[in-house]
Structure formats: C-alpha cells, structure tokens
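You will see subunit A twice below: alongside subunit B first, and alongside subunit C after that.
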Partner chain A sequence: MDLTLIGQLVLNGLITGVQLAVLGLGMSLILNVAQRFHFAYSLTITLAAFVAALLGQAGVPGPVAAIAGVVAAAVLGGLIELVLYRPLARRSGEAALLPIFVTALGLAIGGQSLIQFVWAREATSIAFELVPVTIIALPFGLRMTTFDLTALIVFGLVAAAGVVALRYTRFGQIVRGVRVNPSMAKVVGIRPESVFVAIFVVASAGSGLYGVFAAARYSATPSMGYDPMFSAFVIAFLAGATAPGLRVVIVGLTLGIVQVVSALVIPSNLTNIVIFGLLFVYLLLKGSGVIRLTPVMAARS
Partner chain B sequence: MSVISKAGRRTLTGFVAGVAIFALAACASGGDTTPAATSTSDVEGDVIAFSGADTENLGGDLTIPVGLDVALSGQGAYFGDVMVKGAQLAADQIKAAGGPTFELSVKDHKSGDAQAGVQTTREFSQEGVHMALYSYIAVLGSALQPIEQYKILSLDGGGGTQEFAKGMPYFYGTRALPPNDTFVGTAKYIAEAMPDIKKVAIIIGDTGAENTADSVAKATDELEANGIELVDTEIVTYGGTDFSSAVNKIVATDAQMVISVQYGTDGGYFLKQLRAAGSDLPVIGVEFIPDVADIAGSAADGFMFSLDYFDATNPSNQWAKYMVDTAKEAYPDLTVDFYFANYYQDMFKLWTTVQRTLKAGGDVNSGEDLLKAFESNLTFASVYGGTPEDLSGEESIDADSHSLETREMGVFVYKNGEISRLATYGIGGTDFSLTN
Partner chain C sequence: MEFWIGYLDQALIFAMFAVSLNVLIGYAGIFSIGSAAFGAFGGYSTALVLLGQGMPALPALLIGAVIGGAASLLISGPILKLSAEYVMLMTLSLSILTVTVIVASPQLGSQQGLIGLPLPNFGGSDLLLPSDYVPWLAIFLAVAVAICWIIAESPLGRLLRAAKDDTVAVRSLGKNPLGVQLFTFGVMAAITAFAGGLLVLYNGIAAPSLFSLDQTMLVFAMVIVGGTASLPGSIVGAILIVAVSPVLQQVLKLRPEDSALIRPVVFGLLLILIMRFRPVGLIPERRRVLRPRDATGKGGPSAEEARPTHTGDAAEVAPRKSGERPEPVVVIEGIDKSFGGVHAVRDLSLQLRRGEITALVGPNGAGKSTVFNLITGELRPDAGVVHLGGTDITRWTPERVARAGMVRSFQDLRVFGSLTPLENVVMAGRPHAGENPALLFFAPLRWRRQEREFAKTAAEWLTFVGLDPEIRTATSALSFAQQKQVAFARVLATGAEIFLLDEPLSGIEGSAAEELLALIERMRDLGHTICIVEHSIQAISRLADWGYFMENGTVTAEGRIHDLLADTRLAEAYFGIS
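Let's look at the complex of A and B:
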C-alpha cells in the first residue's frame, strides 16, 4: 500500500470535508430550525458561482468577485424565505412541508434553467480564478496548492466561527430556543420568522462561499449545485435533528475524508455512492435499534 | 362543492407553481438559432458543386419536414444549440440553391433522457417526419425501436452508432466512433512520435459497464500491438468535475503518459487537476472543444487529442472553407466545431437522398423509399478530407455496421490557443502519417 497516496487522499478528503462541513452546517439549520426542505440550496450555490465568475471575467479581482457572489447568495436565500416559503408556510399551516418542498424543487430546476439561458448559452461553463495557483510541497511527498490552502483556512475559520456562534453567542441561544420550542420563544419576545430569515441569509452565504470556491476549483456550470446540495442533506440527516454545530462539522469532515479515501478500493466514479451508502447504513442501524439515542438526545427529540 | 380539499388545493398550487417555473425556464432555454444573415451570393453554384447535387432533381418545389432531436436543455444544451445552427445553415443554403424547403422540427431530449427520446420520435411520426438527425446515439438507444417502427431515416453525427446501435434499421452513425476508432491512431502516434513511452494510464468516463470495458479492451489491444503497456485504468464519472482521486492514483503509478477518454468539459477539469497535482505527464484525449481550454487554462497547453476533428482554422477542402466562411457570416460568435460540421453536412446527405428518391420515381414522404435511396450509395461528399484544391472530401458508411467506414481523422495538439495537426489517419488506422 502506497502510504504517500493514502496520505494525499486523506489530505484531499480533509479539504473536501471542511467545505462540506460548512455546507452541512447551513443545511442543518435550515432543515432543523426553519423546518424547510430547501432543495433550492443548489440555486444559491450556483448563483454565487456565476456572479463571481462573471465579475471575474469582467476584470473584478477574484476575492472581490467572490465576496459579491457570497452576498448575492445570501440575498437570494433571504428573499426565498421571505417571499416564497414564509407566505406558503402561513397559508399551509402544519401541512406546509410538501408545498414548500415542491416549490423548492421547482425553484431549483427553474433557477438552473434560467441561469443556463441567461449566462451559459454560448459556453457550458465559466472559469474563475480566485487566487493564483501554485503547488506547495509538503513533508512525506505530500502536496497541496495555494488554492487548497486558502480553502482549508477560509472554510476552517467559517466552520469554527459557526460552531462557536451557535454554542456561545446570543444568536446561537436564540436559534437553539426556536428549534426546541418556537411557541415558547415567541412568549419571551423572539420572532421565529425573523430567526428563519437570518438562518437563510447565513446558510445561503455559506453555500455561496462553497459555490465560489467550486467555481474556482472547477468552473461555474448551471448544474453544479446538485451534488453538494445532496451531500449537505446527508450531513444534516446523519448529524441528527438536534445536533450541535460541532457534530455537524465532524460529520462533514468525516464524510469528505471517507468519500475521497474510498477511491483506494472502489472506482472513482462510485465514490459519491459512499455518501448515500453511509446514510442508508445509518438509517438501517437506527431503525433496527443497533444505534440508540442517549436519554438526553431522546428527550430532546 | 370542490372534490379537492383545502390542503390538497394548497399542495396542488405549490406543485403547479413549481412546474410552471420549470416549464417557463425550460422553454426559454431553447436559444435563438436563427442565422444573423445567410449569404446567398453564388450559393446556388457553390453548394450544388460541393455536394455533387443532381441538378435535374433538386426538389425545389417540395417542403419536407426534418426532425432534429438534440439536447436543448441540461448539460449538453450548448452542443444542441450548435447542432441546430449547423443544420439550419445547411437548410438555408439548400433552399437558396434551389433545393427543397427543409422545415426543421427541433425537439429537446434533455441531454440524453431516454423517455424524451421515445416521446420526440413519436412526435416526429405524428408530424409526418421521415428523415431526422439525432444525437446521443439516438438518445442512448431509446429511439432506435420507434425509429424503425415509424420508418424514419435517421443520422447521428453527434454520438455515431457506438457498439450497441450498429446495424440498426433506419439508423446510421455519421461520426467516427469515439473512443474505439481513435485508439489505433493514438497508439500508432505514441509508438512513432514518442518511442520512449512504454507505459500509459487511461482515465475513462463511465458510459455503462459493458461499453467502458469494451473500450478499455480495445485500447489495451491497440497499445499492446504497438509495444505499450496499460498500467492503470481509472473509471470516472461521465460528466463529472472532480477527478482528484483518480489523478492521485495515476500520479502514484509509473505511467509515462495518460490517455483521457473523456468528453465535453470533463477533459478540461482533468487537465486542470492533473497539473495542480504537480504532474507533467503528457495527455492525449479523444475529444476537444473550446471549453476545455477555457476551464483548464494554461494546463491545456500541450493537450493532444485524436479523433475526426474538424479543423476550422485549416479547412481541408473548398466546401469546408465555404462552410466555415458562411457560418461565421451567419453566426458571428460561433466557434465552428465538428458538431456543427457534422449536422451541416448531414443535411446535405438528406438532400442527396431526396434527389436520388426523385430520380428513382420514389415518394419523398415514404420512409422505405428514402431508405432505399440512401442505401443505394453510402458514399457522400464531405467537408472532411481532400485537399485545398478539391471541391470536397469524401466519406462512406459501412452497409453492415451503419457506422462510418472512411473519414479523415487525426492527432492534434492545442498550444497557446492554437491547434495544429500532428498526424493523419483513417478509420482502422489506415494511411497513418506523421505531419512534418
């Protein structure tokens, strides 16, 4: 067994995982606090990528274009909650999950087609340079690029900030309060609707960050948001409905590493299956009682 | 009293809203394929001479529907747009030259959706279509049965026949088979131009287990016949973007070169990630589109590719030059590639078929008569091959396999934004020669 190859795959998995962790953190909040089955998460990823890539093409410096992409994603995310989901949820009451799911699905597919029509008619993809890429040689024959290092630092910091914010800040307290009991939160003066919008803005900004880095690593394409969106769903499911931020991040990191390292034993085209395989096994074990919730977790659930 | 409950109506409203958004956007993605301006100066004499048309049977008084089943939405939308433009330019030139009015019935198979392939073929039949141009190997085989059932003479210049659609009634591939037809030229090129290379790795997009295994076996045979060993095979996602795991595995082997059997933009992502992994291994692919260079940037420099590539910068005969010039006039922003060229010249094959049918006293609204006329001579004028002095090149289709029997192919290299030819060969490796 080639140890350098294994080390390199683990390193690559870490870089993939930390990005998935940020994506999963946002989805976990949307799914578990706002209770929205938000398929259009793929749209905010794609929008950010295209905004950044198009601005980059127009001569705007990479980091500035990236920030603009993230802002665009955050604004779109907030608007989706404000203009679409919230009115739909009000009208549908307890039966809101399905209409919101269908709306989100339509928005994701329609949005992708619209982006393709407006921005990707003459070319299937648009390249984007965030930072100049050079190769950094590491000990033991490992290597990474300046882009990988940037991704590791930026996403690492964002993930850490997310965990700390959810655990130790007033915002985190409010989010936890709304998740556990929205009615009680209202009694103490918190407006769950405002919290939902805030969650959508923050989570969409995170998805936008993922989008601009994906555009820089690969390129901006209309369908680029789907795979990461599904990964985010899986992370949120695996981490559990009441998961603290740290657990979501750990699940994201683990998933990234397992997915990349699995290429050692299965063909590269099947590594995506690993994510869904893990979810399937988890649900199977949980259903059969092999995996049990702790009394505290069960009580929270 | 409504039979739908309030909650049901809400659900339905949400569903309809979602579908409506999708439908609106999908409709919008069709794109504008109307030529900016089609030059008709001297067009009559030009295309009649280039295509070898029978001036006694041009069919100018006829209006004939032609089906065009291409990807207008999904990942292949760009290619569908190019194909439609190629066919439309040809239809306009044919009409201007005194030929029939070919009314294009353009359908979207959503980048290879099998159900859409069947549905669009049914719609062709309802519209009285008896000639059609397909892509994605008759939409990955799903349209083969209805094509035969409705007797629609069908050509596929996008994916050809591949192995599974060989010899299927009414269906013909008008593209050299990627990748299998390319391996012989690739192996000969490596052996003659890069004799030090004895070990190669292959990265191949997964197009189905059987198809992929068949291609790997074919590559192995051709490489071994030229004294080259295949040391690593990486099967990756077709249409994927992340090939970093495969890259790391290839770099860890003792391969001296990589053969990339990837299509569309996949090759660009692979090149970018291979160079980012610090590897300078030479790479030879089976396809090249401008997007590959856009995505890979400087990593695309030195990328070689082996196929029936249409070289728009150095058209090989007068018809090819005419096609490029008129295409640039009609679509100023278009990059003329082999998809454009194939669908352009396939329309002329259909016109030739109409001429033959008329000459034989047949009915151009009969699929059987059209097929008979088409099969009466499977050699056609082509924008591929020949010399700059020739009016056109020539290509022929094999009567048994229904796949191209002859077409000029080549090995090319992309460097500093320019493409140059390294070698020329024909299907089966015939007439292989290195470019000086």
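Let's look at the complex of A and C:
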C-alpha cells in the first residue's frame, strides 16, 4: 500500500472532516438543545453559497462575499426559529416533532426551488472564487491547495472556538443548562427561547460557512445542501445528545477521514454509503441495547 | 382532455403513495421519510422483471411490491422500535442513498434509467393513452385504500394508535406492538413499492428522477395537506398537489420549466401555512369510535347491569386462620439496580402474599416506583431474582409478566390519550383476534364477534369504576380524575391476579378518592393480590395488611402496617418529624 497515498487521503479526510465537524456542531446544538428536527439546515447552506457566489460574480472580493453569505445564513436561521418554529413549539408542546419537521420540509423544498427559480434558472450552477488556488508541497510528498489550507485553518479555528465556548464560557454554561433542564434555567433567569434563537443564528452561520466553501470548491447549486445536511444529522446522532462539543468534532473528523479513505475501495460518489452503513450499525447496536446513549429528544418522546 | 387525464393518472398513483404513508404517520406514528426509496425498490424491481423475464405487467408489479416491501422491511425494520427521530433519520438516509446507488449503477441504467419497457397490458389490452390507465389505476387505488382502511380502522389499528400514544402502557397490558408495527410497515412499504412500479410503467422508464428526495417530500406534502390519519384527506391531498403543475401551466400560463420550479415553492408554502394555521389538514381525521351499543345492540349497560362477571384469575382466598398469613405469590430476593452512579435499589427483598394488600411506603426517592419497574420487567435488575408463583421472571419482558397475571398502574396514568375510555379498556382484554394480521383479513366474523364481547366487558368495567362508557371523546380531553378511572378500569379489565398500583390516589380527593379506596378493597375481597405505593397514610392504614418501609433503595422495616406507622423512627424518616 502506498503510504504517501494513504497520508494524502488522511489529510484530505481531515480537511473534509473539520468542515463536517463545524456543520455537526451546529446540528448537534439544534437537535439536542433547541430540540428541532431542522431539515431546513440544507437551505441555510444553499442560501449562503448563492449569496456569496452571486456577490462574487458581481465583483465583490471573495472573503467579503463569503462573509455576506454567512451573515445571510445566520439571519435566515434566526428568523426560521423566531417566526416559524417557536410558535409551533409553543402550541404543540411535546408533540412538536412532526409539525416542526413538516415546516422545515416545506422551507427546504420551497426555499431550494425559489433559489433555483430566482438565481439559477438559466445556469444551474454558479462558480465562486474565494481565494486564488495554488498547490503547496508538503513534507513526505503530500500536497494541498491554498484553498484547502484556508479551509483547514478557518474551520479548525471555528471548531476549536465552538468547543472552547461550549466548555469554558458563560454562553456554554447557559447552553448546557438549557439542554439539561429548561424549566430550571428559567428559574435562574435564563430565557430558553432566546438561547434557541442564538443557537440557530450561530449554527446557521456555521452551515453558511460550509456552504460558502462548498461553493468555492465545486460551485453553488440549488440541491447542494442535502448531502451535507445528511452528514450533519449523522454526526449529531452518532455523537449523542449529551455529547460535549469535542466529541462532536471528533466524530466529524472521523467521518470525514472514513469517507475519504473509503474512496480507495468504492467509487467516490458512493462514499455516503459508508456513512449510512456506520449509522445503520450504530442504530442496530443501539436498538439491541449495546450502546446506551440517552438522547434528550428520545427520552422526552 | 388527455392532458388533464394524464394528471389524473398521476394523482391516482400518488394517492397510493400518500394513503400508505398516512397509515404509517397518522395511525402507527412511524415517521417514515422513505416513500421514494420504497417506491424505487418496487419500480426498479418491476422494470427488471419486465425486461428480464418478459412477464405480464400485473405479476411484475406484484413481484416488485413483494421485493420492495421485503427490502424496506429488512433495512428499516430493525430501527422501528427506536424513537421517532431515529426512524426519520434512517428513512431520510435511505431516500438520499437509494438514488445515489441507482445513479452509480450501470446495471440500473445509471442517470438515464432503464428504458425499453414494454407497454403495460392489463385485461388483454395495451395501455396507450392516459385515459386507458384511469380504470386500472382507480381499481388499484381502491384496493390499496381498502387494505389501509382495514388495517387502520380495526382492532389492529387501535393497537397501533395506542402504541403511538404510549408503547410502555401497551406492553404493561400484555401486548407487544412491535409485531403489528412491523407488519404494517411491511404492507405499507409493499403498497408504496406497487405504486412505484405503476409510476415506472406509466412513464415507460425506471429513472432516478422518479424517486428523488423531492418525490418523498411531495408525498409528505400530500399527507399533511390532506390531513394525517385521514385516508380521504390523502386522496384529496394527492389530487391538489398534482394539480398544482397543470394549473400553473394552463391557468397562469407559466412555461413548463417555470411551473416545475414554482410548483415546489407552492407546496412548500402550503406545508408551512397548513402547519401554522390548520395542522389537522384540509380533511381532518374522522373515525368510527367503538361504542357500548356495538356490544349489546342497544344502549350501554346500566349501572345495575354492570357487574363484571369476569373477575380475573384471582384464586379463591382460603379462610385465614388467626395470625396466619397466606402463601406468597411474588417473591423478590436481593434485587439491585444502579443508574450510572446512583444506586436506586440495593439488595431488596420482599414478598406479596395471596389476597393481601401490601404497601410500599417510604420517603420520596426511596426507590418504590423503581421496584415496580423491576418487578414488571420494565427494568432489568443488576442482581437478584423475582419469582412469580414459583417461576423465575427476572428476565421476562413487561408484556410477558402482564400475561402471566401481574399488571401495574402508573403514577402518571399513561392512558391512551387519542382513544376513548371504552377503547382504552378494550385494549386490556385478552389477545384480540382483530390484532392478529392473518385473522384480521381472513376471519372477519370471528374478530368482529370478539370485538362485541370485548366492548361489552369494557363497558361493564367502566361502569364498575363509575365512568359512563358512552363517553366518546378522546381520553386526553377528560379530567384528571376521569382519566384515573379509565386507567384503573383498564388495569382491572386485564383480569390479572396481581395488581401493582402506583400512587392510585394522587391528584384526586373527596368522594372520588373514597370510591377508589372502596374499589381497591373490593378487588382484594375478590381474591386479588395487590401491592400499593401510596403517600396517603390514611389510605395505607385503611387498605394495607402488610407494609414494607423503604429508605435509600432498600427495605429497612416490615410488619403489620399499623405497627410500622406507630414506629417513631420510621415516622421521622418518612415525615421528617420526631
């Protein structure tokens, strides 16, 4: 086996994984703290990608366009929670899973088609240049592009900041408190509903960041949000409801590496099957009681 | 005209997708997002059979349905007992990956799909025009709706609804709903696969675009717009959603390519608005609830008539000799249970004796309810054994324990909120022929006769506990005290010998509490063995023959209840007084 090839694949896996980790962190917060089956996560990914790509086409510098995309995703995420999910959750109480999922489904379907109708009717994909791409030679015959290096640094910093914030800051303390016991959090003066909005803003910004980099790597397409959303769900579920941020990041990195390395044995467009297989085995083990996580949502359902 | 008939054909096919999904979501509470995947299994199987074997269309469709149903069950079945979120994630994953695999498989025609399918031939004639399909599709839809209706509006459907409300409560009554859930899932997946086959035949091609994630969402939208647990609603939803496209083209004069993009926007918006302003859908659920007159042929039983003739398997109580206690029927020896670092029950031993009321008393957090969970199989002890009538039942499931004659009530009632009181109590009867899939379809007279018998008995039990069996509203809409009566009637109707009653008096007072106490005494007088966890000292001292005092997960004292209550140390431990 060519060690350089394996090293290169692991490096590529890390680059993919750290991006998935950021995506997974956001989904984990949305699922486990805000308790929303947020299918419209795909929409914030796609919106950010299109905003950045369109601004880029209009001559706005790449990083500025990227920031605009991230902000657009964050605003949309916050609005979704504030205007759509919150009223449904108030009305439906513990039975809010289906109404919120259906609403998210409507958003995802309608939003994606609206984006395509407005921005991608003629050309189904829009290219976006975030940074000029050159190849960097690394030790041991490894290589990476300046784009990959940028992704590794940006997503690495965001993932690290997320883990630190959740573990050591007042915000993290509040989030953990709301996750464990929203009623008690209220007693000590925390408003869980405000925390949910904050989570949606932060998580959607993370998904927007992913979308912007995905647009720069491939191009912005209307259906680009589904696969990463699927990965984000898997990471959040595999990491478990009580997981601290670090475990989510580790699961994300592992999934990225497994996905890329598995391309050695199966076609690269089928690597999602590996994720599906992992999920299936996990659920089988969970079903038979071998793995005993106690997801908050499952416990409350 | 053929233009519109073409859309009618599509509506009929998608209505099959929608009614089967609605049975899963609305009745069984299985939140499947895998419709397109199940349809693809059936569609591609049908196409492969047609191309490979040259078989006529109908057998090919049926083979596709069987393969599709079996494949769906094989992949999704193992996770059905997990919570809704996992089922959603798994079936969503399946929808995404099925198309990925199809596109990557040259054997399945990749992106282009399988082409060159023969014209479908039904009844000896080829189907050329959209209008040729209408009668056949209508027949297939009628059969699909009939199957869905039989499953949904039957004792089996009631069991599905009960499990949707509370699986733990269903199992505590001696029934495991997983079997009927798997059966229902398999049948609905097969109907979906059949519809997938029809979609392939109708389009003359098995292409991945027919089974994309968008199609799953489309079907979901049909169910939600029409109304969950409403089969007519699903048909209306399918017609409306399918009609969006031709209306946009013909009425609003949009180009087909624009209409294809606007259509998802419209039904995405519809979903959001429906959930916000009319969550029950356009045609809300309407079902025929079970009524006492189904049993008697006239009105329900009067209070005088309602004397339950079935008092369970409780043995006759032998006259007691002075000072001598009856034989033990439940023996618990040294059970232990920890949750993480919390040692909830430790080395606990106790006995329940035939025909006695035994009380578990102790301060909050002593582990009393956990003991009930351990005895009834809801939790597995880490150590120790539980014997019922001399048989080791330590590793038994809750339903097996219940069937063996030991049934519990819950502090938080766990009534089936969407069912009426009568239907709640009917759930507690003996195994119902109508809950058996084979008997449901092939012995309708037998299960209908049993349904009448069960309704009659259930009405008697409800009258016995003082509740009107004619109440036709959902139990969740009743007062707490009424729900308590329902829960108690349900426990009694199991006919068990041993009842474990967890806080039976909590939340009720006055005459309602007095009536309940009298009922418990009557059950004891009828020979039942009862174990009660109760905080009301008055109730305990009136009811209990024997008591166990629990502290920190173990028994620290036992004896005649009046002796226990007179012990100052125990009183201090219980009340915090000296």
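One rule holds in what follows: the second predicted complex is superposed on the first by the 288 of 301 C-alpha atoms of A that agree within 3 Å, B and C clash if a C-alpha of one lies under 4 Å from a C-alpha of the other, contacts with A are read in each partner's own complex, and residues count from 1 in each chain.
Keep in mind that, in the parts below, a residue touches a chain if its C-beta (ideal position, glycine included) is under 8 Å from a C-beta of that chain, and two chains touch if they have at least 3 such contacts.
Since the model is a prediction, treat every value here as computed from it, not as a measurement.
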Partners on subunit A (subunit B, subunit C) - clash or fit: clash
Partner chain in contact with A:Val234 - subunit B first, subunit C second, else both or neither: second
Contacts of A:Pro99 with subunit B and subunit C, given as first, second, both or neither: both
First, second, both or neither for A:Ile273, with subunit B first and subunit C second: second
Contacts of A:Arg143 with subunit B and subunit C, given as first, second, both or neither: first
Contacts of A:Leu88 with subunit B and subunit C, given as first, second, both or neither: both
Partner chain(s) touched by A:Phe37 [first = subunit B, second = subunit C, both, neither]: second
Partner chain(s) touched by A:Phe117 [first = subunit B, second = subunit C, both, neither]: both
Subunit C region in steric overlap with subunit B, selected from 20-28, 200-208 or 524-532: 200-208
Set of subunit A residues, in rising order, touched by both subunit B and subunit C: 88, 92, 98-99, 102-103, 105-107, 109-114, 116-117, 121, 267, 269, 272
Interface residues, subunit C side, partner subunit A - complex: 25, 31, 75, 78-79, 81-86, 88-90, 92-94, 96-97, 100-101, 103-104, 213-214, 217, 220-221, 224, 228, 257-258, 261-272, 274-276, 279
List of subunit A residues in touch with subunit B within their complex: 2, 4-5, 8-9, 12, 88, 91-92, 95, 98-100, 102-107, 109-114, 116-117, 120-127, 129, 133, 135, 143, 145, 147, 218-219, 221, 223-224, 260, 263-264, 267-269, 271-272
Touching residues on subunit A, where the partner in the complex is subunit C: 31, 37, 84, 87-88, 92, 97-99, 101-103, 105-114, 116-117, 121, 226-227, 230, 233-234, 237, 267, 269-270, 272-273, 275-276, 279-280, 283-284, 286-287, 295, 297-298, 301
Partner subunit A, residues of subunit B touching it in the complex: 7, 10-11, 13-15, 17-22, 24-26, 28-29, 31, 73-75, 77-78, 81, 205-206, 234-238, 240-246, 248-249, 252, 264-265, 268-269, 272, 276-278, 290-291, 294-295, 297, 333
